[in-house]
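Have a look at these structures, which come just after this line.
Across the two complexes that follow, subunit A remains constant while its partner is subunit B and subsequently subunit C.
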Partner chain A sequence: MNRNGSNGGSAARSLALYAAYVLLAVAILIYILAFFAGNTGIAINGGAINEERNSITIALSEEPPQLDSTRSTDAVSFVVLAHTMEGLIAYDQNDQLTPGAAERWEIRDDGATFWIREEATWSDGQPVTAHDFEFAWKRVLDPDTAAQYAFILYPIKNAEAVNQGDLPKEMLGVRAVTDLVLEVDFERPTPYFDKLVAFNTYFPLREDFFESTNGRYGADAAMLLSNGPYILTEWVHGASMVWEKNPYYWNSEKGLLDEIVTAYITNDANANLNLFKDGQIVQTGLTAPMLPTAMEQRWQIDRFMDGTLFFLEFNHREDRVTDNLNFRKALYFAQDPSELVYKVLKEASYLPAESLFPIWIQGLQGAFRKEYPLPKHSLDLEKAREYLDLARQELGLEDFPPIILLTGDSSLSLLAAEYYQELYKKNLGLELRIDAQIFKQRLAKMTSGDFDIVMAGWGPDYFDALTFGDLFASWNLNNRGRYQSEEMDNLVRTAQSELDPQKRMDAFGSIQELINSDVVIIPMYERGVSFVVDPRLKGFKRRSVGPQVDYNYAYIDSSQN
Partner chain B sequence: MTNLTSTDFEPIRHAQEIQGISRPSLSYWRDAWIRLKANKRAVSSLFLVIGLLLFTIVGPIVWNVDPALQDLDQVGQPPGSGRLAVIVNEYEPWAGESEAIGTGLRLAENATTMAVRLKWDNLSSAVGYRIYRNIFPVGPERAYGIPLAEYFDNTVLYFEDRLDLKPRRYYYSVVPIDATGILLDGYQTITVDVLRVTTLAEVESQGLSAANINLEIGDSVNLALHPLGTDYLGRDMLARLMAGARVSLFIGIGAPCLFILFGIVYGSIAGFLGGRIDQIMMRFADFVVALPFLLFMILFKIAFGIGPGESGIFPMLVALVILMWPATARLVRGQILQIREQGYIGASRLLGAKTNYLILRHMLPNTLGVVLVTITFAIPGAIFIEAFLSFIGMGVAPPTPSWGSMSNEGIKNMLTSPHELILPAILISVTVLAFNLLGDGLRDALDARLRNQE
Partner chain C sequence: MFLFGFKRLLQGVVTVWFIATATFFAMHNVPGDPLLNERAGSEAIKANLESKYGLDQPLSTQYFIYLRNLSRGDFGISFTQENREVNDIIREHFPVSAILGILAIVFAATGGVLFGALTALYRNRLPDYIIMILVILGISVPSFVIAAMSQLMLVGINNMAGSTILPVAGWGTILHMLVPALVLGLGTMAYLTRLMRSSMLEIIGSDYIRTAKSKGVPPPRIFAKHQLRNAILPVVTVLGPSIAAITTGGFVVELVFAIPGLGRYFVQAVQQLDYTVIMGTTVFYGAFLVFMVILVDILYGFIDPRVRLEK
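Right, the complex of A and B next:
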């Protein structure tokens, strides 16, 4: 008995000892692994703001596919390029045009001239010249480049023909008169050309550097040449980036930080929130479910309307029921965007949409929507059912076939889709089928017309009503529902080339009315974003046109500690 | 010689029975049932399974609520929240006119869940105003809360809040801003208690009151009852859980029954025939095991021509049956191979039993125990696969719910309304656990070797 007891005791003791050894070994292993992990890639400097190094840490939502400004189309590439590159004209902190690489410019009816500043320098010390712009623009329009944003250069003479391959590149209406003077001829009068020039696709590109990369321009940190406030010095694909101050950059008001570390690439909103909470990144967006947390943390929440309009776009192709005007009207009167925004989406920074033209579009003196108001829309079920009966008679249908609602795969668009599904079932007895697709697939289906209604969004490319106004011209490739109307085409032509501002605005007013009376779309909401910024960071800017987030003017205010 | 008398030739009287069967003879199944009944875990899980079936089949008859119906006045309500509402007039757009007197930030009229209308006075320094709402007091750090709106126009001195108003206390602040949107000093704040309201039209359309009662503005009424709360679109959680159970259990019970039936037939043929045919058949089973499940799910969905917005449940069932049978087939084949060599089979064969008789009378019944256990373990597996596929969006199409898709939706609102995730997650866990415990109990009860160890 005694032996047994002592045996048991020593067994328990040695077992405890083993457990302690194992725990110790695991702990040591974790530290060793953490040490090696810390040494791989870019050492994460720990902390959103490092005052000693004058550096900040940020997160990007996705990895840019490549950073060739002539070919990039996505928002993340635009963000990076806005920090590493500079066009002829840029936007200042108040979204006003400000000289960029060009120190002055002149826009005439038939063309424009840009005088490039002498101080403008590439990140290898060579001067930026007019030839760099000429080369870049010709490359954008080269059919072999297949740049998706080529259309934004179409105001330049012969641009469309060059892009279609009908004319040689040499016929493009742009030429460097001297190293510092760039001359542009227009296809048609383009009074808003200064706003276009600030866009990414108009950024310069130096021929000798481009040739030296053997077609890998923009694929890596070493394959990039910058003329903006920052240089991309490290790019670990899929993981992180470092932007450092460009020593050759001319403007002392921009590029105030020595280093911006993109330590995280994630589009998980909750992950970003936790990083911000832990003081690892300087700013993050907040979705509706995160707002109680943000209030509890007593953060100073900020808001911003990002300028994008979301709408239900109908398929106007002839074989679809949505081609019927009365059917579209029925759908229009059976919904109320304010219910969608306030009760379903619950996003504090969203605004129920009323028109194709968002609230921030400028008219002649004040806001466009104040100068050209639309009648207030309200839910009217009786009217909706009347229109539906009319549509039923016109189409000769007993029952409507199931309507395919094409939508994105984000939780917010699925939420809206489920809301519409039940709304139209309850109010009109229609069956909606939700077709949720990833962005690329949705775009492919939109282009081929494989939908009845699509939930689409459109963000502005430049600060002019035309960025929304020409969307439903019959020749616009982004008119995915193939809406066709003689009247619309005439109005868009007027808006594009009319020089009298009053007449031009009137054309936009008529476009707005036509969209509304023809129910080309059902406006859903204007998107905004709620976000928090580290109080020590000043000068951070969100933009509706250009990069969504802009650190070009950002600096660290150490008095906030 | 001894004299023999007739008494010597009387038959011996039967001795008192020494050995006898004291209990009625027990069949295999009866014995198993007794042993199962003795297993408390197994019995309670059996009751759980029965309860679950009642929940799925009888539940929707008792709680007859459309699982797709959206009650947008009660979005994301946790179970057991208050639902007494006051009837008010229909909503009408408001352009800032008000008779409310006073100074500073003030309510233009009573705050309700329909709208909170605020007014304030102009400050000479302000270019515009920004309106905030908080669920906590503003405090010295000036955490104003959520910015609701921003006006770069100091003539706009009113604001109407309609964003997701709950019957609770809010702290509204108005902060003057300059032309670039920088916050200035001089903020004003107000505490607002919001009252839950509804309209007569809403009461009528939802049938919230008995027809013979005439309700008027100002009366109180109970909003629709949701015993387990509502989800992010105001749909009744109980009704959705019941509808979801139908999908989950259809896959969970239907698929295992079908693929196990196929597995038995396949396995017993292979095992009985043996030799080359057995080799070929089992290599084919190995081939099926190697097929990637998820890829085949996607392929089936396309092959079945399941269009957008249509339910993927049927291809899921087919895919499960086609891909999951080899495990059962192997098990049954192993059993048959073993039984084939047993003495009683040889004896039966010598007595002239035909193949059919051998298989049906001797072999299959002896594999049934194993098969029953496999089924009870396959059911939770299939339920889990359904939940997983619906979770990643390969299963049901909205608005049809399933427990997996409900969890997927619930996880997005985990922080604000946790019940949307917890309830379906609990049901998945309980169901899977119940079937597993039942299977465990059945295995113990049916295992002949354990019989005499008591």
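Right, the complex of A and C next:
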């Protein structure tokens, strides 16, 4: 026993000696590795707000995939571009149109003219000219560019034909008359063109710089030219970015910070929350499970509608049960979106949806939904069952076949899908089959019509009711349920081209009513975000349209210390 | 020895070709269209994209074009990060994963061997029990839980200290690496501890240890020369595949700690059906794994002469 003990003891001593050697070796190795790591990232430990440098630190949810404004399609690239670029017209802090690179403009029924301001300057000191817009727009529509957002330029004369390769680029209805005057011809009257040009795809691009990048425009910090409040000066892919104030930028009301550092790229919501708690980033979004923590910390929680509407879209193709109006009405009256939002999803910032047009859409004077109110919807099981009987008779069916509900694979969409499955089983005795798919496959099935009902979402591109209003026109490719109605097509045409604002808005009112009475969709919810901002940062804005987060007007308020 | 190495290398090339071919056809049979986007494009826009990426060619043609480019080491351009080459993505992000992985494996190996030897030494006594409970935890708790909890702990430590002692996330300095590497290596460390323990115990009862004892060799010498060295062999065997597994499997840790490694691109590419990145990362990781296995085979020959003799 004694012998064994001493055996163990001296062996332990030699093990400890080995351990000491090994730890020393590990320590040396760590330093060698740290040296190499230094070459693959920039070390940033400035904290969320650095008053001395007039700088803030933020996180992005992913690496911006495409900073060539003529080709980008995703929210993160839009956020970066909203700080480094400026279109002819921009949105101010109250989401009102405000002059951007153009100091004034005129929109006629056959075209538009933009007068570009003399002080508009690129980040290399050269002036922004009308040629830069002409070049960018022609590049968007060039078939070789293969821009996915090309369609948003289709109101310009010959745009669609150029994009399809039927006409040469030179035939596009845009030309720089002088360096400072841009002339645009329309394919059809486009009274909302001022709102369109604020969109990313309409941003300028300077030909000589673009050519000098040899097809790598937007790939690196040095491969970008900016005309917005900030310049991208450092970019370590996947790791970090630095946006510095653009010394040549003309508007003293924007770009108030000297530096914005994107030190973290992760879409892990908890990681973002931890970074915020540790004082490393200035703002972060909060999901429902995080709200108790946020309350404990006594943070001031802000809420905002992110602009996106979610809805059940029916398949209106003829061979589907969902083509039957009474069937759709039965489904409509057997549900209540407030139950979905308040009792099932329980996301505090979400809003039960009532209409195709979200609450933040503007009407003539005030909110569209105040000017064109819909009758209040409430659950009515009796009515729902009557409609279902009618549908049964019309379709000549004893029993309804299982209804395919196509949905995404996120936990939230699965939760909602299971709720509808249970609801329609209980209220109408219908069987719903959930078909959960990854994003790309859901889109493929939506496009080919392989569903009865799909849980779909739509976010706005520009600040006009038409961004939702034209969704169910028979020619709209996003109308994946193939809803077809002459009345709808006529209303959308009016909404697109009518120059009298009152008549145009009335058309949107009628579209809303038609969607409702024809039960083209069942609105589910309007998505919102809860978020928390460092109290020292003022002027930070989240937007429903345009960049989701906007630091262009943000500044540090030192009195908050 | 050289012939042996050459043969293994040839086998490796065939394996990589097989991986490349299987991935290519599997990927093209995954439902969904990589070029579809939320905003439905017209037929013209879609045709423009398809011809840009060569997807309008028949599949067999695409396969041969792909093989030809692969033999030149050219993986093409990413579908989602449209102005980055897949080669650039691998070149910029694999070193990050590799550094993190090496550190993790160093932690895992040193910890595994030390703790394993310790548990064997103190078999069925308190240190053994404590370490073995931790080992079971380390093996069974998934890394995203450990990652999230350790990050939360870092926030707590920093808040208590009133300043940032260890950064919560990010990349660039030695301090950024320590906790993520530890979290990443924890599972392997637990596995190696168990392996080392059983291997040590097996050897304690063997004939040559008894012979050494009867010859009067001092116990520390027996422990160091005979026990430890022989027990380490199985650990070295699993080290190769472990290095590959750790270096390629850091997706969760990379995401939680906002580390710009390759694992993130690997997983996101699959979600977004980014064909070129899927192909590039899979083939690259496959080749890396095959290379590590071959390397261990060859190293094994140096450590254990018997392996060489058998060939």
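The working rule: the second predicted complex is superposed on the first by the 520 of 561 C-alpha atoms of A that agree within 3 Å, B and C clash if a C-alpha of one lies under 4 Å from a C-alpha of the other, contacts with A are read in each partner's own complex, and residues count from 1 in each chain.
Heads up, the rule we're going with is that contacts are C-beta pairs under 8 Å (C-beta built on N, C-alpha and C of every residue); 3 or more make two chains touch, one makes a residue touch a chain.
Model, not experiment: these values are computed from the prediction.
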item: Touched partner set for A:Lys383, first subunit B, second subunit C, both or neither; value: neither
item: Greater subunit A contact set [subunit C / subunit B]; value: C
item: First (subunit B), second (subunit C), both or neither touched by A:Tyr18; value: second
item: Subunit B versus subunit C as contact partner of A:Gln148, first or second or both or neither; value: second
item: Subunit B versus subunit C as contact partner of A:Arg536, first or second or both or neither; value: neither
item: Contacts of A:Lys245 with subunit B and subunit C, given as first, second, both or neither; value: neither
item: Which superposed partner A:Ala436 touches (first subunit B, second subunit C, both, neither); value: first
item: Overlap of the subunit B and subunit C footprints on subunit A, listed as residue numbers; value: none
item: Interface residues, subunit B side, partner subunit A - complex; value: 68-70, 72, 75, 93, 132-136, 139, 141-148, 150, 162-164, 180, 232-233, 307-310, 393, 397-399, 409, 412-416
item: Subunit A residues touching subunit C - in the complex, by the definition given at the top; value: 6-8, 10-15, 18-19, 22-23, 26, 29-31, 33-34, 36-45, 47, 59, 62-63, 65-66, 68, 71, 73, 143-151, 160, 163-165, 215-219, 236-240, 263-268, 270-271, 274-275, 277-280, 437-441, 443-444, 447, 461, 476-478, 480
item: Residue ranges of subunit A in contact with subunit B within the complex; value: 93-94, 288-296, 298-303, 338-339, 341-344, 346, 348-349, 376, 378, 402, 404-406, 409, 411, 414-415, 417-419, 421-423, 425-426, 432-436, 530
item: Subunit C residues touching subunit A - in the complex, by the definition given at the top; value: 31-34, 36-42, 44-45, 48-49, 51-52, 80-84, 88-89, 92-93, 95-96, 99, 102-103, 106-107, 110, 113-114, 117-118, 121-122, 148, 151-152, 154-155, 158-159, 164, 167-174, 176-178, 218-220, 223-224, 228, 255-258, 260-261, 264-265, 268, 271-273
